[in-house]
Amino acid sequence: MERLLRIENVTQKFGGLTALNNVNMHVDKGEIVGIIGPNGSGKTTMFNIITGIYRPTEGQVLYQDEPITGMEPYLISRKGLARTFQNIRLFSRMTAFDNVVIGMHARTKTNMCDIVLHLPRKRREEKECEERAMELLKLVDLYDVRYELASSLSYGHQRRLEIARALATGAEILLLDEPAAGMNEQETDELLQIIRRIKELKKTVILIDHDMKFVMNICERLYVLNYGVLIADGTPEEISKNQDVIDAYLGEDDE
Amino acid sequence: MFLQQLINGLTLGSIYALIAIGYSLVFGVLQIVNFANGSIYMLGGFLTLVLYNKFRINFLLCFALALIINGFVGFCLDRFALRHLRQKKATKLVGLITTMGFATVIENFVMLFFSNATVPYPNKIDFGSFSIGSAVVSSTQVIIFLVVLVLLLLMSWVVYGTKVGKAMRAVSQNADAAKLMGIDVNGVIAMTFILSAVLAGISGTMVGMYYQMIDFTSGFSIGMKTMAAAVLGGVGSLPGAVTGGLIIGVVESLGASYISSAYRNAFAFAVLIIVILFLPNGLFGKEKVTKV
Amino acid sequence: MKMVKVFFAKNLKWFTILFFGLLAVLPFFMTSNYGMRMLTVCMLYVMMAFSLNLLTGFLGVMTIGHIAFMGIGAYTAAILVKNYHWETLPCYLAAILLSGFFGLLLSLAALKLQGYYMTILTLGFCEIVRLVEINWESLTRGALGISGISAPVFFGIRLSSRRSIYYLMLVLLILTLLLIWSIINSKAGNAIMAIREDELAARAMGIHVFKYKTIVFVLSAMIMGLAGAFYAQYMTYIDPGVFTVSASLNILIMAIFGGLGNLLGTIIGASVLTILPEMIRFLAEYRNLIYGILIIILMLVKPDGLLGSVNFKYIRQQASVQKENGGE
Amino acid sequence: MKKLLSVLVALTMVLSLMAGCGSGGDEKKETSAPKQEADGSASDQGGSEKADAGTEAAPQEEGSQNYDKVKIASPIPLTGPNSQYGMAYKNALEMAVKQFNESGGLGGKEVELEILDDQSDVTQATNLANQIIDDKDVFAVVGTFGSSVGMATAPIYQSGGMPLIAPNISHQDFPQTGDLLVPISPTATIEINGVADTLFACTGEGSKMAILYATTDLGVNVNSILTEKWPELGGEIVYSNSFVSGETKDFSALLTEVIALEPDIIYTSGEYYDVASVILQARQLGVSEDVIFSGPGQCFTQEFLDLCGDQAYNGIYCGTLPAYFEDVITKENYSDTMVNFMTDYNNTYSEACNGFAGNCYDGIMLTLLAARKVGTDDPKALVEAIVSYEGYESVSTEHLFFSDYNYANKSLCAYTVKDGHFAKVEY
């Protein structure tokens, strides 16, 4: 199992508040790993550190044994880490298709003079992008709304479009920030199908969510954060029996 | 000499501050820069003058009447143009262009129906002048400075002290949420426009009396500098607007006398650019945190 | 009505070619100097509105000092032609490079500033450039302006007739349109619009935001510089009074009225608002007042401009989907 | 598309509304015009006699000239910052054409006057210029206020074979830009040398001068000529700095420095409101009473007296523009043509008569009289006739004549202000 991502004793302080306290994690290729914990436990902060939006106060992030701590987000994305956002950040006045094509921006080699002089490389690469985008839209079952504006799509569709866009960057690791948030039963099942298909594509997935049924169902390994401290990690079965996790979630028994 | 230049600068600065408050008020609540503010400032000055010349009644009454009319003009700008655009969810740029259209209308109205020449302005607050050392200070300058302080305190009390002020700040942070809390957002915005128009009227009359003349084009060029002052101080913050105004006034006066008068505006804008490059939200501006 | 839009969107390319073909043929039917002149001035304003639309419409950076680049281009060309008797092509090149350089400066500032702070910076930049033009008498003859700028000369041929100047402008306009159109309909265009929509998400998608912002700033500055160089030789006299903030606001109104983010809309918007003041000339002193009222009315009736919310590419795509599903 | 239709409907509705009020505007003008007719005619007899007297001397072969072109175009700033000067031009133009048509017009045909608003904006002025040179029945252009507009449109009129008579352009390159261009006021160089001599005569040996000049072509010229000539005459330049006319309202920064240098004379080259601001703010800053304030001919207007009449004492204002004020104009120093022009103007229009109107009246009357003499088809002949016209009694100066083709010469007049009124200065 090739160790794809390593997070070594990362600490993040915002003024007095310690959002993350000496957290260590690792993710192997092809795995689906979940990070769970009550609100304000530092989950999204961890995502932001991995994707370069925050620079951690201490510790480092290694991707394929290469430090990417605090690198520019667009460089990290080009390295192979793509993410979705907790509150959806799609390009609202562009179509679903265009949103996915933008995901492929970094992978194409067309440069400014190709564009201005209409060289064949530009058309060839645009053809390729179009086909790839159609595939991805089919993968997330958004093919029939491919030319609708992102803003006019339903909530569930927007969530899935964000995943398609993240996949479009050709990333090895997909970071899903509360993909199932605000979804009903039926939509959550559809999301499970999509993530399974992603696994078949040999992609690694790290996701954060509150929907325990969803998380337990899809994740192979779980990390549990509480007030910025890693209190448990292991398979979903171990975690569901782990006393610390239950205390963190359900509060201490007052016997 | 330097003292005299400083006094000139402070007077000029307090004039800019008077108008800059109007920009910050409107921007704070509506996130658009009101390009018509310069013209409304000029209109206020002209209204007082025309009423005074036409009806020969006492100056204060004309001044009060002019402020009421000016407030009404500010209200019309919001009520008949900007409110409509808000309902249609138009982008901020469109609101900006509408205020520019309004500025052209006001300027041409004054040119056609009041006067297209530079007309004399009676100075009703001239009670002689006194000197500090070699510097001569006229009573008008002192009065203008005091008026700015009073208005700043008054406005700060209104915005930070009263219910209306609280509503204004709520609307400026999140108009939709404010609506849900039962705040009549349109009413608050209308009130802001009225307030900023009255302020502009006061400064128009003050400046008219200080320079003892007024013309219909005086709105535009001072409008740009006071807009810069409001941004320099951090758009949306009242103390920021006043500080920004004073800084630009002093820089302009000192620059004009010690370096070169022709480039005086260039110094004012150069200071502005340098400040906002190092403090991207102006002196007192609030840092806009982008939640991910 | 939907059908008309779809039909128009489908063969937009033909309509544009037809439109520019018409413009090319027009001078043979139009003899009056005034008509030729109005068309040339119209095309000049359309070119400037294109450059502003690229910056404000596609990149979303609101600028009210855009005419400063035109001033820089105009003075570069005027000085080179008048004092050093350069041919026009090298003048255009110099004007483009110099205004492009200042565009680069502004893009560095755009790295840090957002929203109104950037707008006020462009205001300051425009005022400073104008004051330099007024006061640097040794270079620009200051308020005396530069008069007697000779007509354009290409490889020894002097274009003095109105028709040749008209065609020169037409060529410049077509080149500008092709440049902007090809950039917008490419991955760069997508990236630029992505930055406008949500800069942070764009970064997360691997877009090098600073590179594209610089490209847009430099390109739109260059187009304005080129327009300025043409303007200098066309008017034969320039002085600082022309390059003021209110002139920039005029171009901004044209771009917004035409529709931000829509090239065809810009052509219509700029042409209408160039001809409109001439059309209502019969109002004499009331003309400016009515122009102000008209601007307000047009903004209220069409807030996002004539074709602001219209994207012909998307209309084409959505129409093809409907056809595919048998349009049930 | 439905939205687009609503725009077109709104546009046509607005345009028709404007057309309504536009013509309403014209009616307003017409209604005022007949009023002019009624009371104008009373005093008119005097005026037209004068115009006739001027034309009587012209040779009789009027009939032989052909007058197919009878239209004069006048691009002037009716709106925008210079609209006050545009209004003075408009009044003078209408008055001159009416008087000329009443005294026979061009071989019996009435002269047609077309006034166009260029807002003293270069782009619009050049658009108009192209429109005018296309208009086949326009034979001359009398107008263009301001040097930037004049310099931008001069080459277009010159290449279009259209004579341009500009009442107030003093840009020194203007006359040599073309042989169809006739400025009615002398170039800055001629005027300023005369002004320097006059001022020196009033102030005497070794007097210290401070110059504040607007960043316009006139201002720049004034500064360069004065800084050269004044020391030659024996004076001393102690301070010279510029300001942006119309934008700079606050002169206190400059004046503080100037007052510290204790000059004998402060010369302000700019518009009348700039000169007024300098005087008012200097008084406020405690300038000594014996400092002489000086300004150009633009100050000879009622608006200037309104602004700072009571503060402008101990000043010398010198320029070629005449001062039309009852208490200044007396029989010996002003020709009766000038007096009649002033009375006619003040009876007809609400605005007070000023030098701009006088220059413009001279411009158009000279053009019309020359046209009556040599016909209106050959522009070159018309311009030659204008610059060599004999026996024209100017309303804006004792003796208007042109030297080396189209350089206008006018006599200087200098006035001081005594308790709110202009008075001739003895030197």
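Should a chain be cited, it is by its letter among A, B, C and D, assigned in written order, with residues numbered from 1 in that chain.
Rule of thumb we're sticking to: contacts are C-beta pairs under 8 Å (C-beta built on N, C-alpha and C of every residue); 3 or more make two chains touch, one makes a residue touch a chain.
Not measured: the values here are computed from a predicted model.
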Between A-C and B-C, the pair joined by more C-beta contacts: B-C
Chain at maximum distance from chain D, centres defined as averaged CA atoms: A
Rounded Å distance, chain A centre to chain B centre (Cα mean): 49
Where chain B and chain C are represented by their mean Cα positions, the distance between them in whole Å: 32
Between chain C and chain A, distance of the C-alpha-averaged centres to the nearest whole Å: 41
Computed distance of Cα centres, chain D from chain B, in Å: 36
Overlap residues in chain A, where contacts from two or more other chains coincide: 53, 85
Per-residue multi-chain contacts in chain C, two or more chains: 131, 134-135, 200, 285-286, 288, 293-294
Residue numbers of chain D (touch at least two other chains): 79, 83, 215, 242, 244
Chain B - residues contacting chain C, complex: 27, 33, 35, 81, 84-85, 88, 90-91, 93-94, 96-98, 100-105, 107-109, 111-112, 220, 224, 227-228, 231, 235, 260, 262-263, 265-266, 269-270, 272-273, 276-277, 280-282, 288, 290, 292
Sites on chain D touched by chain B in the complex: 79, 81, 83-84, 87, 215, 241-244, 246-250, 252-254, 256-257, 260, 272-273, 276-277, 280-281, 284-286, 303, 306-308
Complex contact set, residues of chain D against chain C: 1-4, 6-7, 10-11, 14-15, 18-19, 21-22, 25, 78-80, 83, 115-117, 119, 122-124, 126-127, 130-131, 133-134, 148, 151-152, 155, 160, 171, 173, 177, 215-217, 219-220, 242, 244
Complex contacts: residues of chain C adjacent to chain D: 1-2, 4-5, 32-34, 36-38, 41, 131, 134-135, 137, 142-145, 147-148, 235-237, 239, 241-242, 277-288, 290, 293-294, 297-298, 301-302, 306
Residues of chain C defined as touching chain B within the complex: 56, 62, 109, 112-114, 116-117, 119-121, 123-125, 127-128, 131-132, 134-135, 200, 245-246, 249, 252-253, 256-257, 260, 285-286, 288-289, 291-296, 299-300, 303-304
